[in-house]
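Notes follow the structure.
A, B, C and D label the chains in the order they appear, each numbered from 1.
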Amino acid sequence: MSETTSGATSAQKASPAPPAPGSGASRRGAGHLLRWDVLVTALLLVVFLGGSFTSPSFASAGNLSFALGDLGEIALIALAMTMLVVAAEVDLSVASVLGLSSALVGSLWDAGWAIETIIPLVIVVGAVCGLVNGLLVTRLGLPSLAVTIGTMALYRGLAYVVLGDRAIAEFPQQYASLAVDDVPGTPIPYPVALFVVLAVVTAVVLHSTGFGRSLFAIGSQEEAAFFAGIRVKRIKLVLFVLSGTIAAFAGVVFTLRYGSARADNGVGIELAVIAAVLIGGVDFDGGKGTLGGVIAGVLLIGLLRNLLMLNDVTTEIQSVVTGLLLIVSVLTPRLAAVVRQRRRSPVP
Amino acid sequence: MSTATEAVAGRSARNLVDLVFRARELSLVAALVVLVGVTAAANPNFLSGQGVKDILLNTSILALLAVGQSAVVMTRNIDLSVGSVVGLVAFSAGDFLSADHSRGIVSVVILGVAIGAACGLINGLLVSFCRVPALVVTLGTLYVIQGIDYYLAHGRQINAVDLPAGLLDLGNGSVLGVPYLPLITVLIMLAMGFYLRSYPSGREFYAIGSSPEAALLAGIPVRRRVLAAYLLSGSLAGLGGVLWLARFGTVVADSANGWELLVVSAVVVGGVAITGGVGSVYGATLGALLLTTIGSALVVLRVNPFWQQAVTGALLLLAISVDRVLALRVARLLRRRNVRGV
Amino acid sequence: MGETGTEQPTLALSHVSKAFGAVRALRDVSLELFAGEAHALAGENGAGKSTLVKTLAGVHRPDSGQILLDGEPVVFHGPADAQQAGVAVIYQEPTLFPDLSVAENIFMGRQPRGGLGRIDRRAMNAEADRLFERLGVGLDPQRPARGLSIADQQLVEIAKALSRNARVLIMDEPTAALSGNEVARLFNVVKALREQGCAVLFISHRLDEIFELCQRVTTLRDGAWIAGEPVEGLTHDDLIRRMVGRDLDALYPKQETVPGEVALKVDRLTREGVFADVSFEVRRGEIVALAGLVGAGRSEVARAIFGIDRFDAGSVTVGGTRLPAASPTAAMAAGLALVPEDRRQQGLVMELSIERNIGLAGLRDLRKGPLISRAAERDRARDWAVRLQLKFARLTDGVGVLSGGNQQKVVLAKWLATGPSVLIVDEPTRGIDVGTKAEVHRLLSELAAQGIAVLMISSDLPEVLGMADRVLVMHEGRIAAEIPRADATEESVMSAATGRAA
Amino acid sequence: GGTTKDSAASAAPAAPASSAPAKADPNAPIKEGLKIAFLPKQINNPYETIVDKAGIEAAAEYKGDAKEVGPSDASASSQVSYINTLTQQGHDAILIAANDANAVCGPLQQARAKGIKIVSYDSDASKDCRDIFINQANSEEIGRSQVKLLADMIDHKGEIAILSATANATNQNTWIEFMKDELTKPEYKDMKLVKVAYGDDDDQKSFQETQGLLQAYPDLKGIISPTTVGISAAARYISGSKYKGKVVLTGLGTPNQMRQFVKDDTVQKFALWNPKDLGYLASYAAAALASGQITGAEGEVLKAGKLGERTIGKDGEIILGPPFTFDAANIDQFDF
């Protein structure tokens, strides 16, 4: 089977960059200052400063703690999603795994299980969900977009099978507060603190280990990576399992944070996660991106939304702003590159 | 390496390959037949006139969007904004008609298609001329168009009583027993399929998706074609919006909300490669038909509503997996038969 | 046929310069192509040949200088304009549409039309068949281009260019992947075209081919014009001196070695439908060549040995340990290295930098604790870049901007840096200029002398004869003959390759 | 070992009394310039828009400053973000139609800790995280009366189905429970509930679910759709299909949506309360709470402008009134 799948993917990924006149050379030169992730970080600062000026409550500890906590699940899932997208894959089923995890937590808790048993079990289920995605993608060579659209329906459906129309509440106080309380002395909720730790680990893995290097190679030229002895399939499998695991964990956090287990928890957040990853400058075709950019992207979307809400900007406008932000975040660097090129070599 | 016998051997192998490629559509038809057969056996009502009519009506708008989407996907791009465009057009067309009952159907169709085309134009310009990744752009326009739609609607609702009878008739009436909607979709599908297969400019869509780099070197007007694909997708989404209004009569802002993934699933199930260059609009339409039929069949088979979504997902996975396994098997078979030098 | 004289050149470059950022790929270069004349373009890797071709093809716009068509200045805004002007180009790297049929690839944009302006597929396929017949190729026009070997892809490109009936035919290393037979057929066709009044620009690193086909030759060095002169009266050494700027050492500096123990043992290896019953051994210190016609299955054997493809029967043993099927990782751990034939798809990650690419096959060696050491990565890359005379601006530049030959060097560097005990090289010098070719050969020879076993697949017969201790000849998926160095001649190898020998 | 539901329940400290029950002062005037916010399940839901608009208009009567904010998707998590924002902005009262009774609870508690009064309407939040729930009608009465309405039209005989909103909608599920209970009474022994389907408050999904129901259960005699989106979609499908006149549809809908289908005889009767009154009442309740007229304790009396007085019932619940049944004779008197 290996030969056919690798053969099939090879030619499809024929170097995507068209031989744009001089694109390669000019992108590097002054490119550093105008990289997406740097730009996004700058925007984030602008939002933060703007927020502090326009709304008195924006920079308050209470608000920031809440706004950060509100991003928790999206941020967690974005870590795994970044690695997947860098390797030119995607997992659209994350929100459904989150829902399934939430439903399981609810029904098991309701059935009288101990929360200490439920949490590891649910995370294992998430890993299995990821494994199914991964096996379908690596063993059958199906495109992950198609596979995870399918499992998105499947896992969400299973969540309904598990919990039906019930909503389970009243989770143990000490766990529930772990999901909302701040680390003492800071406006940082525990899930966010956990996220910071995981983010650092992910950043190191992605940018400074052989595993991370392999992801970039797989993402930009899978066949060449395979020829270089990189275990393409195993790595992808690991990524999907990781993504499922993290999504399930996010489901636990979500359930405890809202104190409510429902089958429809987290519907639609896969697009929010992907939007954050893309705004963070990760190339959907794989092989390009930084984790720092993604974190800036997540924060940018979250804080901007918070700021807009505080200023009574309606949902409609928020939606428009998010969309424009996405477009602008990819358009600006390209336009800047064009302008720079024009300036350097005036076309006769 | 060039002997006459070998060329002949190659050809028979190729016929097999051809069959497999066509089998993408064949296997979809087979899956449909099985699904409909099983369901009809359990509940004959499923194949009654009303039942068939319902399925055709339900499929038509999705299929229409899938036709447009497959043109985009073929060029190795994607259009996630279609759902929002349908919503925007359905609402603004409703608004347009309810404001003045004397406005005719033709004018509303033109308006809808024009709005859709404008959205497609923006997507297309950004993707083809500014060279920004399609997924990001159309995810962005998804949000923007949705925002505009919600802004226009703001909690209002267009009711069937506000609409001219002619439009509602378009959505629910039929000619010789065949409802208008599927008729429109089939006509558009046939025209698109014919164009893409038989005209040089149509083949260029495939070429671009197959290798954008080679397409540039071959002197294909890549930007124009990509722009055309988006225009087409946008216009069809616009038309879809008008048909939506005609069919459902009652619209709020969020018509077709979240349909982007449904349309993409239809296209993918229909065998259009998400990486471009492969597939046909017929397949995409069949994919849409299959998805809709699965949905209806589960209800008719009295599947517990809590199981419906899970079963839909599982069937979807089954469809693409079986297709893929078959393709792999045949490829291996071909290789073994194609022993060089025998 | 018009020997230069006073007539107008069909297509010409006049004082053209082109820079990519800091790299000045062309500096004030002029060149004239006349109807009925084959013009060679010579130069080392990175000299600017492909850039010149792309300028003529409308892919690049010159920074300064002009393109003249029939003496009139023209501006090509894109490849379409050049095609309109009657220029047909075979690019150095095949650029096919993998999902479309071979015939569609050839006629894209110019399909024969039937009623209602529709494509007449039957006519198109027949036309493609005719083209292949002229080239003596047995390709099926209706098969998809996906999965064609590099050589077949190159042939499709040639057919595409021929089908345009162009006034100017530009060929950038069309023969790099071809073996003698196809080259001969190609030359016959090109000669016929030339006699019909077509202007030809031909690029090759095989100097014999230049002398055989061309009347004039222009030499570039580092983007600058060095000479433009008739081929007649020129010797190999003259041409090399113009390209390299100095004299060259022996082209095939084969060192004598005493073969050691068996390093690679392939036993009855079979992959159904591709090759069957392939057995051979390579000893330490030996260079064994795998020769054969294009499509004989040599690359497939190499892929199976390295674990890219799963084999159906047989075994591969490296240094006494049997390799599991289909695991390049295991093969590498056992000391195997494979320099693949398709550098753009298989050899390099185009978007990554030179140093990242060189480090990619040895991520394990670059580790310091759990992390990758950037310093080690840079050192490794710099070391090998110097040894292979890589022409580059910065190690952090993407490999995509390197010239074809320099890309090939990066692939070699990447694998040599892993310190293999068995090295399989598939067309190691494809597209590499004479100077570097000698360098690569010396390197292979040195490696063998150090006790590495080398299996070399090559379509370049002189290279096979010059370098190999033993020659294995494949014919239609089987080993047709094993010829020791002493008996290996052009005739003996070719007759085994074409299936004439027992 | 470990923490289970039972151990947690026994160990859990009694819920702290959130704000010491201040004394109600029935005669306190309504303060001017009260900042009040409506947080519907979802903006763009026409029914909720009617409710909220009426509430905002009511605020103008007592010189309050009211607004409507909300998410575009009907999810609890989006509502929670809004609760937080409203808390930060410092409002006097928040009115919420909860998407999930429990999920909004924590943030509502935080809001109350800052002295913000919480009124839930349409769909209740957990009773210990709000001060008052304005119930459009007694839930039991809604559930039972819907069954009665349908039973009368089909002679107490035949298969029936329910087309609900989302599977998790609290108010829907409560009503459906009462419907099921009502059906156990002997007078309904010939009626059988064959299916509860979910249209997710999505027009098109509800439309398709109706199709499926009618095909799957050819003997179906009646459908109850206790949601405005569901009933209008079902009516539209039935009116254009062969089932028109054979299947009886009833439920909860707005007159404007249903007018056409009442006129063309697809639907004979359906019920609803006046959504404008709901918004009006809720708005006054919020103002009264914020001004200290009431605290939400059982037995207190709410003075609700033109609607007169309502007494606060058990668990801080105020009932708007009995549902009103619309039919061909009276429908033209209403416009909402």
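A few notes on this one:
The definition used in the following text is that a contact is a pair of C-beta atoms (placed from the backbone, for glycine too) under 8 Å apart; a residue touches a chain by one contact, two chains touch by 3 or more.
Everything quoted here is computed from the prediction, not taken from an experiment.
No other two chains have as many C-beta pairs in contact as A-B. Distance from chain A peaks, on a Cα-centroid basis, for C.
Our note on geometry: chain B versus chain D, Cα centroid distance of 38 Å, whole angstroms.
For the pair chain B and chain C, the distance between C-alpha centroids works out to 42 Å.
Averaging Cα coordinates per chain places chain C and chain D 74 Å apart.
Contact with two or more other chains is made by residues 1, 11-12, 14-15, 17, 19, 160, 164-165, 268, 314-316, 319 of chain A.
Among all residues of chain C, those that touch two or more other chains are 59, 98.
Shown for chain B are the residues in touch with two or more other chains, namely 146, 150, 154, 211, 213-214, 216-217, 273, 276-277, 305-306.
Those chain pairs judged to touch are A-B, A-C, A-D, B-C, B-D.
By the touch criterion given at the top, residues 1-3, 6-8, 10-12, 14-15, 17, 19, 21-22, 24-26, 28-29, 204, 208-210, 213-214, 216-217, 220-221, 223-231, 287-288, 345, 347-348 of chain A touch chain C in their complex.
Those residues of chain D that touch chain B in the complex are listed here as 43-46, 48-49, 72, 167, 195-198, 202-204, 207-209, 211-213, 215-218, 232-233, 236, 240-243, 256-257, 259-260.
Per the touch definition, chain C reaches chain A in the complex via residues 19-23, 54, 59-64, 98, 146-147, 308-310, 326, 328-329, 331-332, 338, 340, 344-352, 356, 359-361, 363-364, 366-367, 370-372, 396-398, 400-401, 414.
Within the complex, the chain B residues that touch chain A are 126, 130-133, 135-137, 139-148, 150-151, 154, 211-214, 216-217, 222, 258, 261, 264-265, 268-269, 273-277, 305-314, 316-317, 320-321, 324-325, 328, 331-332. Those residues of chain C lying in contact with chain B across their complex are 57, 59, 78-83, 89, 91, 95-100, 104, 108-111, 113, 117-119, 132, 136-138, 140, 142-144, 272-274, 276, 293-295, 297, 475-478.
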